[in-house]
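What follows is chain A paired twice: with chain B in the first complex and chain C in the second.
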Partner chain A sequence: MLPFSYDVSSKKLKVTGDYADLEYDIQQLNTLSGEILANKADVPSPPSKESFDKKLSHMAQKLHESAVSNIKTGKYPEAIKLLTTGLEMVNRRPKYESFQMTLSEMTIFIVTRADAYMMNGDFEGAFNDADLLVTLLPSIPDNYIRRGVALFKMGRYVDAKNNFERGLSFDPDNAKLKKELDFVLKKIDEENGEL
Partner chain B sequence: MAEEEPIIEDMPLQKISVFTPIIYVSIVIGALILFSIFYRRKRIAKLQVMKPFFPPDLPKEIYLQLKDQDPKPDEKVLKAALIRRGAEAIRRLLKLRENNQYITLLYQKGSIGDEFFDRFKLALKIQELEIQELVQEAETYKQGWAPTFMPVCQEVTLNEALRRRVNAIEDRKEQLAKEWELYQEIEASITN
Partner chain C sequence: MARVEYDYDESAETWPYFVITLLAVVLVPTTISYVSKIWSRSSSGRKAQVKKYATSFKASNHDQVSQLTGSKGSGNYFLFSDKTLVFLIVGWSLFLYVGYVIHTTELVADANVFDPWEILNIDSSATEKQIKSVYRKLSLKFHPDKLGSLSDEEKEDVETKFVLINKAYKALTDEITKENFLKYGHPDGPQSVTHGIALPKFLVDGKLASPVLVVIYISMIAIALPFVVAKWWDNVRSHTRHGLHIKTAAAFSSYIINNNPAKLINTETIIELISKAEELKSATNLSSEEIEELLLAQLNRVFFDSKKELQKLKVVSLVPKLINGLVDIAATFRNSELCVKAIEAQRYLIQAVNPTGCSDIEQLLQLPFVEKKEQVSKKIPVHTLGKLTTISDGEIADLVGIDKKNAAEVRSVASSIPVIKVLKAEFKIPGESVVTPQSNAHIVVKLLIKSPAQKGQAKVDDEKLEEKETFESLRDPFSIVQDQPVLACLPESPYFPVTVENSEYVNGWAVLLTVQRDGKLADSVDLLTRGSLSNLELSQKAYSDGEEVQVTTYKLKLNSPTPPTPGDYHFKLSFKSLSYLGSDLDIPLVMKVQEPPKVEDAGVYDIEDPEEDSIAGAMATLRGEKVKTADDDDDDSASDEEDLEIESDFTDINTDTEDEGEDK
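Right after this comes the complex of A and B.
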């Protein structure tokens, strides 16, 4: 018997004892059952374009637009706050909805936030977001530019070089990546006293 | 040429009981049955002591415990638990399928042993049976749910994996900040 109890009124489960990893599973189940209880249909509809919540998409788009206009006027911290809220909003989408569409909606926010962090001079934040982007969409060369530049700004030239090279392996003719790679190679040579 | 002699000679006929062939057949069949019983027992015992490929399936255990609980939970909660059980089954099946060709190749090359390969095959078999069971279980909640049940489970698997990764970056940022401070301190101590 697993140590958990069911509360009839709140329809939630609660861990009552010590058991490794049970907390995570119970929490995930509570979220999912909450989402299914909030849904009017008796069983969740199969993932498709039609079953994807458009109201939420619209709100997320509005948030993203205002964040972009904040970036354009140089209000980076405000933009980051808006983007974090938007990301949280998309993050709370029901888990039975289409994964592909959730992913693309989420990456829009992460891409913009990574750029906003970068422009705000918060390179750890930029690196962190770019790193997530590389995990989620590993075949997009732009994400390697983001991660490489963030590393470069933090003074980790060799790591930056690796990122640009990996980006080039996906798109060998990418002019921006080539330029960044040349630049960082020069920097590495300078640091080693070869120039 | 001599005239051919009849080959068949008069052999003295020995009378045997009617039961002799019956006894013979029953002994043979009995031996076979005994052999198969012991062989199967041995195989099942071998499978039972085999180390499982995955840790305990918590979503499945949660679902079964919830189902047998008194008072019975809300049906939608049970459905959610069933979907999570399906999501876990799909996650495991994906992991196994991802590694299937490499494990087969390594086994053919002799890089991994029989025991590991048997464990892998058993895990695959268990997951296939689990999926069949899940589909039947889904039908008991709503007629005709089975075809849309599995896609929903798959979406839940992928979405949960996505959330895990996105949620992890907040903690990681703090860790990175600490490392960055340390790095700067070292840098400062070198230049000074």
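Right after this comes the complex of A and C.
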């Protein structure tokens, strides 16, 4: 017997028995099937640039703009709240849409939120977002500046140093990274009582 | 006619030789391997050691720790727990006994052995004349006609002797007899062939014979042989190449495969994973949950009553080997995060430090007398060993909340924890001046193992950083590393028992090479286990001076060839201490792959351009190739020089990465 059953009323699969590792996969399946059903069309359009929901993009852009203006006036907590909402909204896009497009929309929000966290003095929040950015876009040197600075502020100087060095491996002439690296190297020496 | 029969070894002449040979075959190699193992592990000649640091600090579980390390009973514990040693002692005493048996058993002269010289009692170099005279004397003495008053028995004796003397004389003088003697060893021609069995007779013939022999045969063939083979096979089947139990390896691999990348790995995750190991279960008869609880207790410095504490330390002492296996498996998946976290977890378990919530002062928690993290003052901004060595004893006492009289000891321990300073690191291909595509490269690192108390740059001669390329070094570039003594890092953690089994996994550094582009491991994880610790004892002045500074060479062999296309490839080389907190080092490293410099003038082996007026020259002109004209020769020397210059330009290209200059 299969370890899951189909619930006709909710039109969802349900795990029967103790299969914790199956739970996650079934949940993803349910989400996708639910979204396809809600789409009403028999077959959802292929995940291309054209079929991407522009209306939602427009709304997200609006949210982002207001968040940026909040940052400019120094209202960081409000900006973070707006950005988090926007991120959720983008994240709830139907899964059958082009993931490439969803991802690029998401990164805009994460980048801005990481900076907002940083300016707000929430370095752990900034680190988490920067860390996510490094995972999503590992070849952008700026992301290493973000993560490195967050680590520096948290007192993890050696980790910060490694981030700046990794960033420099993608862009050896990046002036900002070089400056940050010099700074953190001095700080490490100071911590070790070398100076 | 020759007859065939079996001789049994009744007088114990031959079988002891047989036994002693068998014993020697087993004992000698075992002894050699055992002694070399002991030598490499404990010989002070091969090990780089800092002078034994004596601490007055005793951890709450000091007794149990020393019980496991065997340091309390001056090595007796270790001596008799070693099965090989017991086997060797028993084996060698048996050997001596059999040797004694051989020595005391007199060799009975074999009647079958015919020695004409001995019978005639002359030297083998005697001339025919001498032989004749001796024979005459003896035959007169033993002639059967001259036996008057002797008893029958004596007569018989003398008669046989006389026959022998005659035979011996003939063997040395008569042609045919001599030939017989030389061919068959006896003047009468071929003798009966005897086959000796190196066993006493009672084992083969007699009442008990067949049952005893049958039992021995059965036990050898039906029990011992299958047992040995089965045991070997079982070991092969149940353990991986690195000595990890197959179930453990499967648990580790399945964790890595099913790991959710979004989930953070920390020390507790590693502990949970390690506690599933079959080795720990079979060593303690505990469930995974109980083992995990014990490991967490070690991490949090929770101590139990004597018996349970001993069990906990036993589990902990097995962890380094498991971590090593886990790192090996994770490295095949190129999972750098898991490797790093596993090595960190090992250190936290060795030092009994839980980093949660106090990662900034973790370096201080490994010092003696610093038993609780609450002891450490937050007001003094000192977080590292390096900084701690710069402040006064009074400040140290205030910082880690201890009695002032112990501060000097804390300082001395902090200064004897080895840290690494890299002087030079580069990619190298033996025999090449640059890193060429698709080649087998290795990384050469010249580094100092020094004390955190030594500050600034050491003025190390450039000569010490250079390696001359000799034929030997080209053949085996790693011999220079192997010639260095094995590191034995002191001081040992007060909470962790370093045993014979785990010492190879806790001394030194793990070396990880990660690709900057994707942050994954570029190669398998290697260990830096050889080097010089003598720098630790140098004063600041001697260190800065650089005269007495010993440079350690480390080489990392890359298993995969260099990339096929020229360009810059960025790596991070990490040294992760296997037992200390705060002696790690990461350096960026660039591999500049380029085509090998073109050497235009290849010297005498080059085929010369054909002469203009030869047929080959005519053909070459048709193909548009260069030809040698008669007056071309004069220019040759000039162009040679030019080529040489080009060559030297290429050798000047430096593939070094900048020395980091800063380390932890």
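Just so we're on the same page, the second predicted complex is superposed on the first by the 194 of 195 C-alpha atoms of A that agree within 3 Å, B and C clash if a C-alpha of one lies under 4 Å from a C-alpha of the other, contacts with A are read in each partner's own complex, and residues count from 1 in each chain.
Here is the rule we use: a contact is a pair of C-beta atoms (placed from the backbone, for glycine too) under 8 Å apart; a residue touches a chain by one contact, two chains touch by 3 or more.
Predicted model, so just to flag it, every value in this text is computed and none were measured.
S.K.: Per the overlay, which chain contacts more chain A residues, chain B or chain C?
M.R.: Result: the larger residue contact count on chain A belongs to B.
S.K.: Between chain B (first) and chain C (second), which, if any, makes contact with A:71: first, second, both or neither?
M.R.: neither
S.K.: Does chain B (first) or chain C (second) touch A:32, or do both, or does neither?
M.R.: Once the two structures are laid over each other on A, A:32 reaches chain B alone.
S.K.: A:145 contacts which: chain B (first), chain C (second), both, neither?
M.R.: Neither partner.
S.K.: Output check: A:133 vs chain B and chain C. Expected answer is one of first, second, both, neither. What do you get?
M.R.: In the superposition, A:133 touches no partner, neither chain B nor chain C.
S.K.: Just to be sure I read the superposition right, which of the two partners does A:43 touch: chain B = first, chain C = second, or both, or neither?
M.R.: In the superposition, A:43 contacts chain B only.
S.K.: Touching A:161, do we find chain B (first), chain C (second), both, or neither?
M.R.: second
S.K.: So, does A:193 touch the first partner chain B, the second partner chain C, both, or neither?
M.R.: Only chain C is touched by A:193; chain B is not.
S.K.: Could you look at A:82 and tell me whether it touches chain B, chain C, both or neither (first, second, both, neither)?
M.R.: Touch status of A:82: no partner.
S.K.: Thinking of the overlay built on chain A, is A:63 touched by chain B (first), by chain C (second), by both, or by neither?
M.R.: Neither chain B nor chain C is touched by A:63.
S.K.: Taking the stated contact definition, name every residue in chain A that is touched by chain B in one complex and by chain C in the other, in rising order.
M.R.: Dual-contact residues (chain A): 21, 135, 155.
S.K.: Quick check: in the complex, which residue numbers of chain C touch chain A?
M.R.: The contact residues of chain C facing chain A are 258, 261, 359-360, 383-384, 386-390, 452, 455-456, 516-519, 568, 570, 572, 584, 586, 588, 590, 661-662, 664.
S.K.: Can you name the residues of chain A that touch chain B in the complex?
M.R.: 1-2, 4, 6, 8, 11, 13, 21-22, 25-26, 28-29, 32-33, 35-37, 42-47, 87, 91, 93, 95-99, 102-103, 106, 110, 124-125, 127-129, 131-132, 135-136, 154-155
S.K.: Mind listing the chain B positions that touch chain A in their complex?
M.R.: 55, 58-59, 61-62, 65-66, 69, 71, 73-74, 76-77, 79-81, 83-84, 141-142, 145, 148-149, 151-152, 154-156, 158-160, 162-163, 165-167, 169, 172-173, 176-177, 180, 183, 187
S.K.: State the interface residues of chain A toward chain C in the complex, per the touch definition above.
M.R.: Per the stated touch rule, the residues are 21, 135, 138-139, 155-156, 158, 161-162, 165-166, 168-170, 172, 185, 188-189, 191-194.
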